[in-house]
Amino acid sequence: MVIIMNPEATLENINGVIQAIENAGLEAKIMEGAQQKIVGVIGDKTKMVTVAIDALPGVDHSVSISKSYKLASREFHPQSTVINVAGVKIGGDEPVIMAGPCAVESLEQVLAAAEIVKKGGAQFLRGGAYKPRTSPYSFQGLEVEGLKYLAEAREKTGLKIITEVTTVEGIEPVAEYSDILQIGARNMQNFGLLKEVGKCGKPVMLKRGLAATIDEWLNAAEYIMNEGNPDVILCERGIRTYETYTRNTLDLSAVAAVKHLSHLPIIVDPSHGTGKWRMIKPMAFAAIACGADGLMMEVHPNPAKALSDGSQSLTAENYLELMDGVKKLSKFMREENLNPLTI
Amino acid sequence: MVIIMNPEATLENINGVIQAIENAGLEAKIMEGAQQKIVGVIGDKTKMVTVAIDALPGVDHSVSISKSYKLASREFHPQSTVINVAGVKIGGDEPVIMAGPCAVESLEQVLAAAEIVKKGGAQFLRGGAYKPRTSPYSFQGLEVEGLKYLAEAREKTGLKIITEVTTVEGIEPVAEYSDILQIGARNMQNFGLLKEVGKCGKPVMLKRGLAATIDEWLNAAEYIMNEGNPDVILCERGIRTYETYTRNTLDLSAVAAVKHLSHLPIIVDPSHGTGKWRMIKPMAFAAIACGADGLMMEVHPNPAKALSDGSQSLTAENYLELMDGVKKLSKFMREENLNPLTI
Amino acid sequence: MVIIMNPEATLENINGVIQAIENAGLEAKIMEGAQQKIVGVIGDKTKMVTVAIDALPGVDHSVSISKSYKLASREFHPQSTVINVAGVKIGGDEPVIMAGPCAVESLEQVLAAAEIVKKGGAQFLRGGAYKPRTSPYSFQGLEVEGLKYLAEAREKTGLKIITEVTTVEGIEPVAEYSDILQIGARNMQNFGLLKEVGKCGKPVMLKRGLAATIDEWLNAAEYIMNEGNPDVILCERGIRTYETYTRNTLDLSAVAAVKHLSHLPIIVDPSHGTGKWRMIKPMAFAAIACGADGLMMEVHPNPAKALSDGSQSLTAENYLELMDGVKKLSKFMREENLNPLTI
Amino acid sequence: MVIIMNPEATLENINGVIQAIENAGLEAKIMEGAQQKIVGVIGDKTKMVTVAIDALPGVDHSVSISKSYKLASREFHPQSTVINVAGVKIGGDEPVIMAGPCAVESLEQVLAAAEIVKKGGAQFLRGGAYKPRTSPYSFQGLEVEGLKYLAEAREKTGLKIITEVTTVEGIEPVAEYSDILQIGARNMQNFGLLKEVGKCGKPVMLKRGLAATIDEWLNAAEYIMNEGNPDVILCERGIRTYETYTRNTLDLSAVAAVKHLSHLPIIVDPSHGTGKWRMIKPMAFAAIACGADGLMMEVHPNPAKALSDGSQSLTAENYLELMDGVKKLSKFMREENLNPLTI
């Protein structure tokens, strides 16, 4: 941390800042600029939490320099993490594909979707049994019944399951039926939920919050890891901006940023990221090309009858064509050793 | 809902849209424009939830016209709601003031803060016992111990208590000790929590999410009200924008918007809204002038030693001066009948 | 400027950074942290422009500490500036009101508007003769003809004139007919135009850009002042955010921020700031209460027939009622010495 | 346009709206919903510009349905436009690469950069002779001298030139020396400049504004085209969001959006889009994969000594490696007929 003093700060002010730093068990260093004095803090940053340095007299502002997460950081863990989910490697050489309907609507729908998903070559079936919806009057999901349909689809197809958990009480059933627990964007800073999935013993996919910075996102991963769960997968799903043509603005640069700052795998969701089925293919190709570890996409046997998010779902035909391209692209990049990331 | 067809949509496409609308038990009306056909939907909008209209062939896009919340809307309930909390009226003629430290740190700190808060003329003492923090390594609150300190301060000063609840398990203890349960910005769309506080039998203050639209915010209030709790107070606390000088951008126009769209009372929090103690007074004055029903502010006996958010906390001196102004301004506006809002 | 080195930066890297700083004629100071080394730069920051410090090997990132504007800063000019425009003081004790139609449409319209504006007690008539419009097919303004109508209205009413200039060629005619030249939001970083109005010898009102930071805004003012024109008035008119209920998000905290960082006067435009006539009164009251030096508002004799922005224009009746409130509020605050700003 | 009436709108209100529409020479159609009446407008939308419909009594709000640009729209011109610049096709099968330093600093620097750029296989040399900078004290460019250096580099290498024009007076010299005129992000809505480059007879590359919507961007292109210049190339360069890790948020979904809405070619600039040299390669790969017509990138013979934007510039080595990958990727996609866009 670096503390910038006001130009008119007195010697007494500076001594006050130094004392506050030393009281917190840290060391202070002064740097005299042309117009302003700067005080640097040496030592474990987390101790500074007890000092409201900006409220001290003479302080203009302070700038944080080191990161507040550790377990999630590449500095702490230089090698990229590969998570093995029932035999499927996430973060390895090949991209992992998670596809399926936004919401589980019926057994028939899930089985029909699973067949398409499987045919395209995906490893995971997605589908929400608990749906966080803006309005209380929108379809909220089939809950445990929906989880059972997903499990039945796994039985039939061999696909692994990923599904969202929205409450602490939901962790047990979701962990029972699902291979990965998904934390949705609206719950990215539901810290109670993060702590509990940190104890559930299953891999967790953490979607980026609607307007979360990359720093906040990695700190949210830290909450899960800090409870003993190292198997965290990140998922970029678009951020909220002023642009209204797309539902969200898919931030593909987050893939490169996360790969630089963290060792955790990162998946991209172009369905939520754009909100338009027509944009899923170009964004899926782009995600693979920039180094994402996989894709999450919405596929529905009949998008026009979907109970939620139909306009951002692929038909079977579109999905199969997309998957054909994704597989070719990813194979070519591996074979040609085209590495987009220098880390 | 209005559905805009592509210029090249066929008759078959339009019939498909009409049929989808009719299958949902609604009526369709067609309007032929110069370039494009438009289909209007007549009937209860919530039925449209089962139709993914944008995914139908020939559809360009659709536009939602009516609101998805009802209990929270002024259309449904034209008169402004006044909530009586143990004798204090929120949403009435006089602004209600909620002040106190960001976090409860010790009994001494709470009592010292309460004395200042009381002296300034506030009706509520605020203070967090459960703190949602970006980093798992930051101070997370004293929990039930902190609640007891708040209750002791109420005993000593007669101030009412408002404090945040962050988990479903926390509802019982918070409801036991606090007069109002606060839902923080990060939990505005934690729908499981919203439903449960909807059943707790105590008034709830719902802070606007970090990047929530006004529409999403009122829908979140609807979740609480839909469980039988009509006593919801809204709180504007700043939204996330590209500007970095302030911690958030305080959206005071939300006061006028909420007063127009809803009958619920609205409080403004200039401490979180700006993140700078120096800006609390101007923004508090502005909030009163534009018709807010009250203020929530951070006051700390010693901001420089606060365990969180010290730089956005007022000292006793600053708080008392601010309160003097707020009381004069609000009294003048009442006496002169200066009504900022036409609703 | 403070330069944060990578944890794995070598001694050679650090020496490279020091040398780059010294080559630019500045002094470097090193601070050794627990995990990272930091290099501080002492001296005139503007010299650093020749060093792309972030591109040097071993550098993690750099943080700018001092401001890049000087003439516009309060540090450089502690006393608040009062600008005298043909006898009207902007930045003095009383708020200045600028009102009138969005666009000049006809002589009759301007004269009718001017009469209303005058009756309400405003000092300035506004009205666009050159209109920057999103679409080339929208009404672009009456140009010089429009300027003449404004001048005729001044003749008749004694009101001063403020109108927008959008091109370098437009400066001469606008400066001939208008008392203040307005630079619109879309031109805030049209640096060629800024430099030229810096030489025009008339006061300039600089609106904040659609998505400009306060820092960029003050730097834009610096462009004008640096050409020898000290008479710059700032105008907050709302910033672009994700919220769609309002046309823009009026950032009233910018008033407090500008008053702290700069000595220049600041006006608030609640018409463009909200885009809804219903919200102008509450935001006007709020602007006065938080210390703005004045207001700019759209008033139209017949808003429903306005050629642009009718939905954000006040009728005569609404304007007069608003002005009554603004005058009472501002008089009360002066008399009671209610100062919202500590600077 | 669709006009949504208030639930309490009277018959008189509705008649007022109908009359306003008919007065503008358009036709009105009424649709009676369950709660609200809706009025549709049939006819040429541009006529509605004279009616401030939202200001009419009884109107809740209005929704625009058709686009306000025409020449730039794919509806008007279904085939993708290919622009031939001195033999180089932009918008054709192969991506076009524009590379070079942010600013022209000296003849030596430009020639050194051009050699690297050429070696990598780019067709265009970029480099700013007129630099729009936030601070008036930053390096503003070598102006005509800089243009001559660029022309000399063209002479020596055969590369075409693209350089920015920032003022109307600058159009003549820039058009004399450069093959394409670039309009920078800050000038995207400098309508006077747009109109003049619309008459210059040379192709224009229009960068997306800092916080411009896709709709505003295409309308800005319309300004240029409406003056008779059909040769407009769009350039996505990142938009302003709340995220601070990257300088801007590169919106690659804009490529898919523009390809769907318009026939104009679109280039991606990952240097400005991310602000970090390390992220240029992944974002360049992603841009090619999602169907961009080319790339604009900053390359500097010695980034650490660049007078501007060094931290977002590639070294020769990084650039050559990136170009190798881009060429392989793009060749593979062409050969395999991997089309990311369905348009």
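Letters are used for the chains, namely A, B, C and D, taken in the order the chains are written, and counting of residues starts over at 1 for each.
Assume a residue touches a chain if its C-beta (ideal position, glycine included) is under 8 Å from a C-beta of that chain, and two chains touch if they have at least 3 such contacts.
Small disclaimer: the values here were computed from a predicted structure and weren't measured.
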Furthest chain, CA centroid comparison against chain A: C
Between A-D and B-D, the pair with more C-beta contacts: A-D
Distance between the centres, which are taken as Cα means, of chain D and chain A, whole angstrom: 30
Averaged-CA centre spacing for the pair chain D and chain B, given as whole angstrom: 38
Junction residues of chain D - those touching two or more other chains: 211, 215, 240-242, 244
Residue numbers on chain C that touch chain B, as the complex places them: 211, 213-215, 239, 241-246, 249-253, 255-257, 260, 273-274, 278-279, 281-283, 285-291, 325, 328-329, 332-333, 336, 338, 340-342
In the complex with chain C, residue positions of chain A that touch it: 2, 4, 7, 29, 31-36, 38, 40-44, 63, 65-66, 75, 211, 240-242, 244
Touch list for chain C against partner chain D, complex: 20, 46, 49-57, 68-69, 132-139, 166-170, 186-187, 189-193, 209-211, 215-216, 219, 222-223, 226, 240, 277, 303-311, 313
